[in-house]
Amino acid sequence: MKVAYVGAAPKSAEEVERRRRLLQQWAAPGTTIEMAYATEGPASIESMYEEYIAIPQYAKNMVRLEREGFDAAIVGCAGDPGLDAYRELCTNMLVVGPGMSGFHAAALLGRKFTLLTVADSMIASSYELIQKSGLASSVASVLAVNIPVLELSHNRTQTLEKLVRIGRDAIEKDRADVLVLGCMSMAFLQVADDMQKLLGIPVINPAKAALKLAESLVSCGSKLTNGKAKTIEERIGNQK
Amino acid sequence: MKVAYVGAAPKSAEEVERRRRLLQQWAAPGTTIEMAYATEGPASIESMYEEYIAIPQYAKNMVRLEREGFDAAIVGCAGDPGLDAYRELCTNMLVVGPGMSGFHAAALLGRKFTLLTVADSMIASSYELIQKSGLASSVASVLAVNIPVLELSHNRTQTLEKLVRIGRDAIEKDRADVLVLGCMSMAFLQVADDMQKLLGIPVINPAKAALKLAESLVSCGSKLTNGKAKTIEERIGNQK
Amino acid sequence: MKVAYVGAAPKSAEEVERRRRLLQQWAAPGTTIEMAYATEGPASIESMYEEYIAIPQYAKNMVRLEREGFDAAIVGCAGDPGLDAYRELCTNMLVVGPGMSGFHAAALLGRKFTLLTVADSMIASSYELIQKSGLASSVASVLAVNIPVLELSHNRTQTLEKLVRIGRDAIEKDRADVLVLGCMSMAFLQVADDMQKLLGIPVINPAKAALKLAESLVSCGSKLTNGKAKTIEERIGNQK
Amino acid sequence: MKVAYVGAAPKSAEEVERRRRLLQQWAAPGTTIEMAYATEGPASIESMYEEYIAIPQYAKNMVRLEREGFDAAIVGCAGDPGLDAYRELCTNMLVVGPGMSGFHAAALLGRKFTLLTVADSMIASSYELIQKSGLASSVASVLAVNIPVLELSHNRTQTLEKLVRIGRDAIEKDRADVLVLGCMSMAFLQVADDMQKLLGIPVINPAKAALKLAESLVSCGSKLTNGKAKTIEERIGNQK
Amino acid sequence: MKVAYVGAAPKSAEEVERRRRLLQQWAAPGTTIEMAYATEGPASIESMYEEYIAIPQYAKNMVRLEREGFDAAIVGCAGDPGLDAYRELCTNMLVVGPGMSGFHAAALLGRKFTLLTVADSMIASSYELIQKSGLASSVASVLAVNIPVLELSHNRTQTLEKLVRIGRDAIEKDRADVLVLGCMSMAFLQVADDMQKLLGIPVINPAKAALKLAESLVSCGSKLTNGKAKTIEERIGNQK
Amino acid sequence: MKVAYVGAAPKSAEEVERRRRLLQQWAAPGTTIEMAYATEGPASIESMYEEYIAIPQYAKNMVRLEREGFDAAIVGCAGDPGLDAYRELCTNMLVVGPGMSGFHAAALLGRKFTLLTVADSMIASSYELIQKSGLASSVASVLAVNIPVLELSHNRTQTLEKLVRIGRDAIEKDRADVLVLGCMSMAFLQVADDMQKLLGIPVINPAKAALKLAESLVSCGSKLTNGKAKTIEERIGNQK
């Protein structure tokens, strides 16, 4: 199975390779991971504006990857920007988002989950994303870490401490029984396992969840998502 | 009051001028309308993909219009693409969408509204837009006209007949007491008044609703939508 | 356009004239405001009982105003008492309530609003009114000021201070991004603009919102609200 | 236990006595029924307007009945007009409505109920009443019989036939497993038992349900509904 | 009327007789109470596992009681374990649960109720039970007493004090206007009346509510709950 | 990874072995499947009663399997009977149900799914199961095949034809874009792939979905589901 991870915010070659190795290590035997990172775009995605401007390049990548025979592609941003558009464009390649993958993994494991998002300014749109995924009734709360994305990995210990403190609040005040990390930089910082040990409840890494659920859904033979989509040629023809 | 209508799908100068005159005619005394149409982009917006790729140019226009001192801007597409992003970017200029304006006008006038959208393929995303506007409990149904956007105005009589027939279904089967047109080409075809006379219930023209509600909300002195938004300079600095 | 403001709780001629001047000042060019205040009834409306007993006189006024050719009428109480009844009775005159107008204005401007109501005893019925308006999913909270209606205007500074303090709670604890005043005495005290400056988010004055939305909706040509209503003569004939 | 049935639409002495005998026959040993019918008001209640204008006289009756030591009072209209107001006014006498009593009895007996209301024009407000009672998720549908209230009892056989036909639709198309009659004239026509035999599912008579639930709730020792209500003297003092 | 109380957790003969006397004392004239307690099973029910393993013996008892001509049976556990199954099995005997009876009694008496459950570990499943009863929109909160079931009655004063303290929280923080006891041991400890006096709002005893509502529903002539159920013989034949 | 499939309704050794081979064939490299079928119990599960009586033996099996070191266990019934109880009992072994697995797989692949259940009598409880899984807002409809479970496999062609016919209804009338099979006998009849080809939208086999999601969730390192559960010894001690 060939799975692509499509990143929006440009990263150094080292960081891209580090992330690829992690994904490859999480993958099932027989799954090959390829990275398709944008070479331009916002350095991080921390607003709806940045989510939206990442979409045109994502869309081009998705169409190319489907033509190259990929079985599945992961949108490399926890806000799942443009996911419904890629599902219109691709009829053979399954596209999943780490946002919705994390929410469903959480709902499969517990009764109420708390999403740990990056900043207060993302809380309202995070609720909208959960609602769009159909899981509004399974949310305990959305809490913000309030550490800028590009600083999250500078001091792993401090980030972990803050995540654990907020996670404990989620458990005690909001009665969450699962936590979901709401940012790909948190995901590749690999803090979920440590948090899980310290907090005693499942903590979902959205990158791993997106990969494992993509493998599952492809194995279920359910690549086709929308048999009625117009071909990309027709759509491109619509553009002046 | 200065209000801009920001169009995504390029139109001929004649059509743009025709639409401007209609908006100007609907405007309150003292309101000036300016048109800001995209010069490139999809010829029509009939999919989520086309909605998303229209956003970057919309965003640039919105930032420019705010700097030029406009009081309000209307997103020229019934799907309100990128509205939350423009509200992040603009702190002095109010941005409204014809989608949400039409839904709220309908909910203010009746108990259950039916949205008449362009095509079957837009029904699912239309429900998501209504849900995002907070009005899911006021929808009677979303029905599709299934006439391509660019053909809607070729035969006005035929389009009106089909709209009336579907509207009657909405009233009789889904118990709608208000209808909302879900497409700007329908809006500028000016069929709402005819439909209203033939059907006996309010029919909302989303272009007019967006303009009149924008005027109302600005008069309420409520231009500021998000006092905490970072400035556009900071956001642009985030882009590589 | 002729718009009537129909008050339920009797007021002094000076106060009625003061309110008329405010409404006239908010009105669009070409709009004439007339006041139709009850001469008997409760001195203030602070319970469901007082809302209900105001309805029969409201209904008579509404029928009279429609016959006199008014385009729109505003129910002069933030609880919108009897609104659905006046919409049954009037087929040419649009009737709006400041409650639902304020809620929709708030939902058009932000994601979650907090309603500032008069007293703790009105909180439960305020939620019911929001639910009836179809906007339950857009509420952050309903908070009570707990100053009796007739004392609100005695000490404007103290009232404003309390409103700002509670508004700050709404923003910080309930994540409201818009506030709505839930009482006509607050509305005509003209504290919304001051609150908006101090708090940095939109604050909706329900009297102004009702007037501006009424003007918008009439301009949309949507006066008719229920084409199937029996005439008032038939209804009156039903009374023994 | 003393229970009053408070009627809004004036009826002949014979009809009032016939209804009293039915209620007395349904009552538990030890319960005494008294009738308190309005002497003026609409001949029947078939609109929100008629519901509202019945409230002031209802309220006076409720206050009087509480002073006379009644344990419970039933609002004699299936729309429960003004119920929240009487609960503000009365602190020792329990007030119940046949609407909410029928809905809760139905929800206690099955999974989804259909309400059979009088006319198409009452369907929207019936959904609002069910929502106010907290049982929106238990409704299968609201269907209208479309026989005017005053004609329902002229031809009992024909009314029963129509009710059974519509009830069968509710079962087959809407998957209702309980039916609720939505009109006091239907209730006192005593068709529920016949319908139950013919249709094979429970059919709730709202008059009987209101009486039996009132007896239950009083026996539970739960007369007090709102310990914080101001006394009626204070409220009356509020009226000019 | 013959009503059976079917207990799951075995109790001493004295305790069973004490409970029977209480039920008999609450019953209407003409109602006879019989107790059908399990002789084996968990000593108390404080988890979903214990609820489920109590069901097979409950089911046998329900089938026997229906054959013996009982009019109604009460499931003797506040979690209503297996209620939908007994309603499949019994077509002439009404089966009610104290959980759903308490929730509906609360919703009939107020606007928002708080359920006082035994332990933190039962909070999530309590919300599911309320949702299953159709009353999710009427819940203010579910709060846990955190006294093990078998210790609740050891120190009645201490239990009452804790219940009152938590009940006050429910009123002040969650704006509950009715409380529901969520455990049969609390029910038979007879603390509801004391709580009601101390707190000034209705407090529902689920055992009493189940009995009184069962009497009401049987009086309404609504014993049949599912006319299409296969007979128990057929079901037993399905077992290998 | 060791995964157990725990069946409730006894099956012949040949059928159990056939099902094991299918599961093993669907499993990822490195996953071993073991079957744990009940030797007594209902021949099929087609009612809530049969679901509940299967639980005690399921629970014993789950506890045993956890002690034997299994990583995950699948509840072998599409109604997920007792799932919350096994999650209380097992702290190291993940337990998943094919019901919730199918619903989440469907919600991950589309916007609205239709569940194809066995019989009309299971429709109401199927909605309750979907609601318990948190996915009520993603359901298009629940439709019944009305072929008894034990006859489903007698005539595969006829079963497939009926499923395709009902599936087409789901697509056209209820706007479903994914289908879920709601019965393990349908699952092991392997009709999902054929249906998918004929209907052009994803069709979820709940047995495969449960296996693939179990593998994913264990790989995510999220075996622990409830760190606070009492040990089974304590629970067993609670039984008399």
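Should a chain be cited, it is by its letter among A, B, C, D, E and F, assigned in written order, with residues numbered from 1 in that chain.
Just so it is clear, contacts are C-beta pairs under 8 Å (C-beta built on N, C-alpha and C of every residue); 3 or more make two chains touch, one makes a residue touch a chain.
None of these values were measured; they are calculated from a predicted model.
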| item | value |
| --- | --- |
| Angle (degrees, nearest 5) of the CA superposition of chain C onto chain D | 180 |
| More contacts between chains, D-E or A-C | D-E |
| Whole-Å gap between the CA centroids of chain C and chain F | 53 |
| Chain D and chain F: spacing of chain centres that average the CA atoms, whole Å | 44 |
| Computed distance of Cα centres, chain B from chain A, in Å | 31 |
| Multi-partner residues of chain A (each touching 2 or more other chains) | 177, 228 |
| Topology of the chain contact graph, where touching chains are joined (line, ring, star, complete, other) | other |
| All chain pairs that touch each other | A-B, A-C, A-E, A-F, B-C, B-D, B-F, C-D, C-E, D-E, D-F, E-F |
| Residues of chain F touching chain E in the complex | 10, 40-44, 46-53, 55-56, 59, 82, 84-85, 88-89, 121, 125, 128, 131-132, 228, 230, 235, 238-240 |
| Residue ranges of chain B in contact with chain D within the complex | 111-112, 175, 177 |
| Contact set on chain D toward chain B in their complex | 123-124 |
| Chain C-facing residues of chain B, complex | 26, 28-30, 94, 96, 100-101, 104-105, 107-110, 133-138, 177, 192-193, 196, 200-205, 208-209, 212-213, 215-217, 219-222, 224-228 |
